[in-house]
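Each structure below is given as structure tokens.
First subunit A sits with subunit B, and in the next complex the same chain sits with subunit C.
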Partner chain A sequence: MAVNRNFRTCPSTGLVYHEPAEKLIRWNAVAGVVSLLVGGILALLVTLTRWPAVKLLPPDWFYLVLTAHGLDMLVFWIIFFEIAVLYFAASTLLKCRLATPKVAWVAFWLMIVGALMNNVAVFKGDSSVMFTSYVPMGAHPLFYLGLILFAVGALVACFVFFGTLVVGKAEKTYNGSIPLVTFGAVTAAIIAVFTIAAGAIILIPTFLWSVGLVSHIDSLMYRTVWWAFGHSSQQINVAAHVSVWYAIAAIVFGAKPMSEKVSRGAFVLYILFLQLASAHHLLADPGLTSNWKIFNTSYAMYLAVLASMVHGLTVPGAIEVAQREKGFNKGLFEWLRKAPWGNPSFSGMFMSLVGFGFLGGISGVMMGTEQLNLIIHNTIYVPGHFHATVVVGTTLAFMALTYFLIPTLFRRELMFPGMAKWQTYVYGLGMMGFSVFMMGAGTLGVPRRHWDMAFSGAALPHEFPGTAYLMMGLMAVSGILAVVGGAMYLLITVGSVFLGKKIQTPDFKRVPVREGMAPPPVPVAAVPAGHGKIGMGGFVAPGTFVLAMVFLTSFILYYFVNWKYLSTVWPLK
Partner chain B sequence: MSQVPTPNGPADDADPDDEPIPMMQSLIDNPFLLLFLGVAMPTVLYIVWGVMEIVGIPLAK
Partner chain C sequence: MSAIQSPTERIWWKQPLDRVEGTWIVIAFVWCLVMFFMMPYWHIYGKQNLSNEAYRSTPEAFLAKAQAMVDKYTVRTVTEQNIPVVHPVPGSDVYLVARLWQFWPVLELEEGQTYRLHIMSTDWLHGFSLQPENINIQIHPGYEHVVTLTPTREGTYSLICNEYCGINHHTMASKLYVVKPKKG
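What follows is the complex of A and B.
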């Protein structure tokens, strides 16, 4: 059987695209953006319903829309785009052909059928079981079958990615270790394999239960295993968007990691410990011991948190070093002031990094502490946290990457470039406000998921302070701003991909294996003496060091303020 | 660290390709070993340990 060895080289970026890989990256990215469009419309409906002054939808529609929003955003948008990132990181960055493109297409269509099936089940109205679908609350069998098909497709795609690594090594398209961005993608793929396997372990018996072949599913067993799927799926995002941060730092600034060893070590910590945090959803559940809860929610004694802090330090540190070497060496922050803030790839990436660390990271560690979790468990604080990690962190990073991919991958000029400069700010600041106000309302006890925070007509109504209503109102206004930012992104990307001016580039041509081999490594001429005369006070990246100290101070203060808060709501004598 | 070979004679050091790869690097360069570790660790520490605790809960009488 003839192997497709058609490659093209992008003249502006030098990136090498394999013909089948390019098509698969495009189709997966487009499927992701379509899911984002559906999920985004549903997000507006959810926001306008949870706004106490508006309450747009009736309860049954609210729970339907919230279920579809959760699945379209947390599963379908993110994983379709992640598969595109995996193929890009393997085939394009290693300059090698994609392994088994036909199998990759089977995986893609399995994912499409699964996503459609799941959406149909939800929109029919008999599967409003939320993203978590806790048993004994039952959904239509198509709901589970759709998720299983999607998961199988994604798992197959992960193994196409691993196969591509084998192809690259066998055909010697690279020397030595794989690039750091590809290593980050390996991390994401490994977490994905565990996540999807856990999903299969619990969703297959649940599907059999929904069709009457299994009589009973234990609810605590379901919750424990399901969260290995539900939460770990968001850890795939973390590894993927950290890889995107490194990629954008290299693309925009030519930045090299401050220490490859340290960055790779941090990814290894992710591989070993990141998935364990799934346990923080079970901190209030009886039946599981504190030993299990504390070990797992601390990501094995905070080693994966350490890894995130390493990435959060080394990415801006690498940018700072690159900027200082270009001459922006004055004071602590000239490198940051003179950064290309009008480039949406950079502004989106930097806001993703700051928002993920300050909002998502700090709140995640706080709520992963067994005692502190009592303050906010099942309140709207929880979606506030994960909108900071998944939306500000992952979605914004993926949006930033899109602006780089449109000209090089889709070979189209960006439409509305002026709007693109503002899009990341409108979306990023909107989502940051949305997350902060959700967390504020959650701290005051406002429940998550509930259609009516006032519990109108309930036998035991609860009177929330006026501040809680203010927080919910501000959350909704911020949410609408974010929806406007999301609409801008969709207008720019869909417009550019389908109507943008074509960029004429050399087309695909057959490349023999010998010509695709990487050149032999060039011996290092001398030991690098350092970064020359950049930095100050003995630091090559003093600005990043100051930012890291600000982060640590915020982290410690917020953590202990919550212990103080706990002491007021849970008095011990 | 290797040096640039002189054009008219053998290099002072061995060819960079002949340098032994550090053990940690060879471990990290093996994606399938990492895949095994990345699946085994949470399977044991989260799923197996958690399921064992749930199975060990005494039934109500």
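What follows is the complex of A and C.
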């Protein structure tokens, strides 16, 4: 069987697309966007129900819709899009043919069948068990089976990605090391393998339990192993969206990493330490020791937090260096003022970076502290935190990347470019407000996954203070703003992909292995030099450093304010 | 060259660190260590630490212990369902059952006194959320968690379940009364 070796080069970006890879990237991205559409409609229903003044749905529908929203967004939208990013980072960035496209299609259809099966189980109404499906509350067997099929498909796709790296190396399509963005994608894929293995270890027995073949699943064991799947899957997102940040910095500014070893070293820290964070969810559980909790919740010694703080500096730092080298070298912030704020790829990526760090990162570390978790656990603060990480962080970064992919990958002109300029702001600011107000309500004790904060029908109801109701109202208004931003994104992407004006580019042609080889490397200085005469005070990126110090100051203040608050609650031991 | 291309320098790991990166890594790492050591520090000097004491139990055994306490210390009942309110002796073992969809019984504790509170679920996962203090603990079936706690201020507190436990999750709420210690 002949190997498809048809490639095309995008004239405007110079990127090289392998014919089967292009099709797979497109289909995976489209499947992701369809999941986002479904999840987005459900998001609106959830928001309108948690808005105390509206309370749209009855409780059975609310819990059903909330379950489906979590799965469609957190699992299906994000992982489909991530598979597209993995194929892009391997095949396109290495100018390499995708290994085994047929197997990649099998993976894709497994994921589709799994996603549909899971959604059917939820919408049938007997599987409103939330995204986490904690035992002993049980769902329909198809619920677990759908997730298992989806996970197997994603695992196969990861191995297609690894296979593509092997092909690139063997056919010498690149020289030296793989690009940083591909390195980040490798990080995401390695974490994905760990994640999916953990998922299999817990979901397969749970599936057998749901059909009656296993008699008992321990609730603490379930939570411990499930979170090795549930939290680690968020770590795939972190590795993936940090790679997307680097990619957008490279695409928009031609930015190169400040130093390869720091950025790559930070990714290696992710591989080594990020997965320990499943302990974040178990800090308020009985039966685990404090030693276990402290070691794991802190990723050994916050080494994965260190990695994120490094990326948080090196991504804007790389942009600053690139801008200063272009001549925007005045003062601390000329590079930032003169950045292309009207380009949604940049504005989306930059808001993703800031929101992920300031809102998601700080809140995550705070509530991941063993004792501080006591005043946060299972309040609506928790979804406040993860909407800042996974929505402002990951989803917004993926949206930003989409604006770049539509012309080069789908070969269509962007529809509604004026709306696209605003979309990232509407969505980003809406989502940031949504997160902040949820956190505010959470510190007042409002529970997550709860139909009625007024406890209607309860014999001994609790009365929340008026500020808690105000927070929930503001949350809902911001949520609606974010839904509007999401609808703008869907309108622009779906419109462009299906109805946008076609861009005429040279078509695919066969490239034999010999012609596809990378040119021999140009000899360069044995020891690379630094960045030359830019920046101030010996700092090449002083503006970024100042921003980093602002970040650190807010971090320290917020962290100790919460200790102070903890010290006022009832003593317990 | 850029982050989406292979590094031009084959030996990129020899590029000297920029000062801005080196400085930031040191600062960030020091902060990471501070945060790490805050947790053991609070175990030694802080007053709010979640107990590590837990036992495996069964619904029958746990309910029996709770019933014995209720028989001994009930002072009155509340609501139409006649949920007993118990006023146990300070320092004693207190039992709180979480089940679909109620906490049982209602506790009345004395301000400034310390109690060994045993919490367990007899069916699904539940949440112990004490409001407005905002102390939140996970409740498992089969794990009897013993938390030593000291109410510091008198008043009427609420207990709400904050782990989703099915259709009537929002009705799972109760009270916890803290009263001044009795004289003599």
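Heads up, the rule we're going with is that the second predicted complex is superposed on the first by the 562 of 573 C-alpha atoms of A that agree within 3 Å, B and C clash if a C-alpha of one lies under 4 Å from a C-alpha of the other, contacts with A are read in each partner's own complex, and residues count from 1 in each chain.
Keep in mind that, in the parts below, contacts are C-beta pairs under 8 Å (C-beta built on N, C-alpha and C of every residue); 3 or more make two chains touch, one makes a residue touch a chain.
What you see is a predicted model, and the numbers here were worked out from it, not measured in a lab.
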Which partner, subunit B or subunit C, touches the larger number of subunit A residues?
-> C
In the overlay, answer first, second, both or neither for which of subunit B and subunit C A:287 touches.
-> both
Just subunit B (first), just subunit C (second), both, or neither: which does A:521 touch?
-> both
For A:219, is the partner it touches subunit B (first), subunit C (second), both, or none of the two (neither)?
-> second
Given the touch rule stated above, what does A:178 touch, subunit B (first), subunit C (second), both, or neither?
-> both
Between subunit B (first) and subunit C (second), which, if any, makes contact with A:197: first, second, both or neither?
-> first
For A:255, decide between first (touching subunit B), second (touching subunit C), both and neither.
-> second
After lining up the shared chain so the two structures overlap, which partner does A:447 touch, if you call subunit B first and subunit C second: first, second, both or neither?
-> second
Please indicate which partner A:371 is in contact with in the superposed arrangement: first for subunit B, second for subunit C, both, or neither.
-> second
On subunit A, positions contacted by subunit B and by subunit C = 177-178, 218, 220, 282, 287-289, 521, 524-527
Would you tell me which residues of subunit A are touching subunit C in their complex?
-> 59-60, 63, 93, 130, 134, 136-137, 174-181, 218-220, 246-247, 249-251, 254-263, 282-290, 294, 298, 301-303, 305-306, 309-310, 313-314, 317-318, 365, 369-371, 373-379, 443-445, 447-452, 455-465, 518, 521-522, 524-531, 535, 538-542, 544-545, 548, 552, 555-556, 559, 563, 566-567, 569-573
Contact set on subunit A toward subunit B in their complex = 162, 165, 177-178, 183, 186-187, 189-191, 193-194, 197-198, 201, 218, 220-221, 224-225, 228, 232, 264, 268, 271-273, 275-276, 278-279, 282, 287-289, 292, 295-296, 300, 520-521, 523-527
Would you tell me which residues of subunit B are touching subunit A in their complex?
-> 1-5, 16-17, 25, 28-29, 31-32, 34-35, 37-39, 41-43, 45-47, 49-51, 53-54, 57
For the complex, which residues does subunit C have touching subunit A?
-> 1-21, 23-25, 27-29, 31-33, 35-36, 38-40, 42-43, 46-52, 54, 78-81, 83, 102, 106, 123-125, 127, 129-138, 140-145, 147-152, 158-175
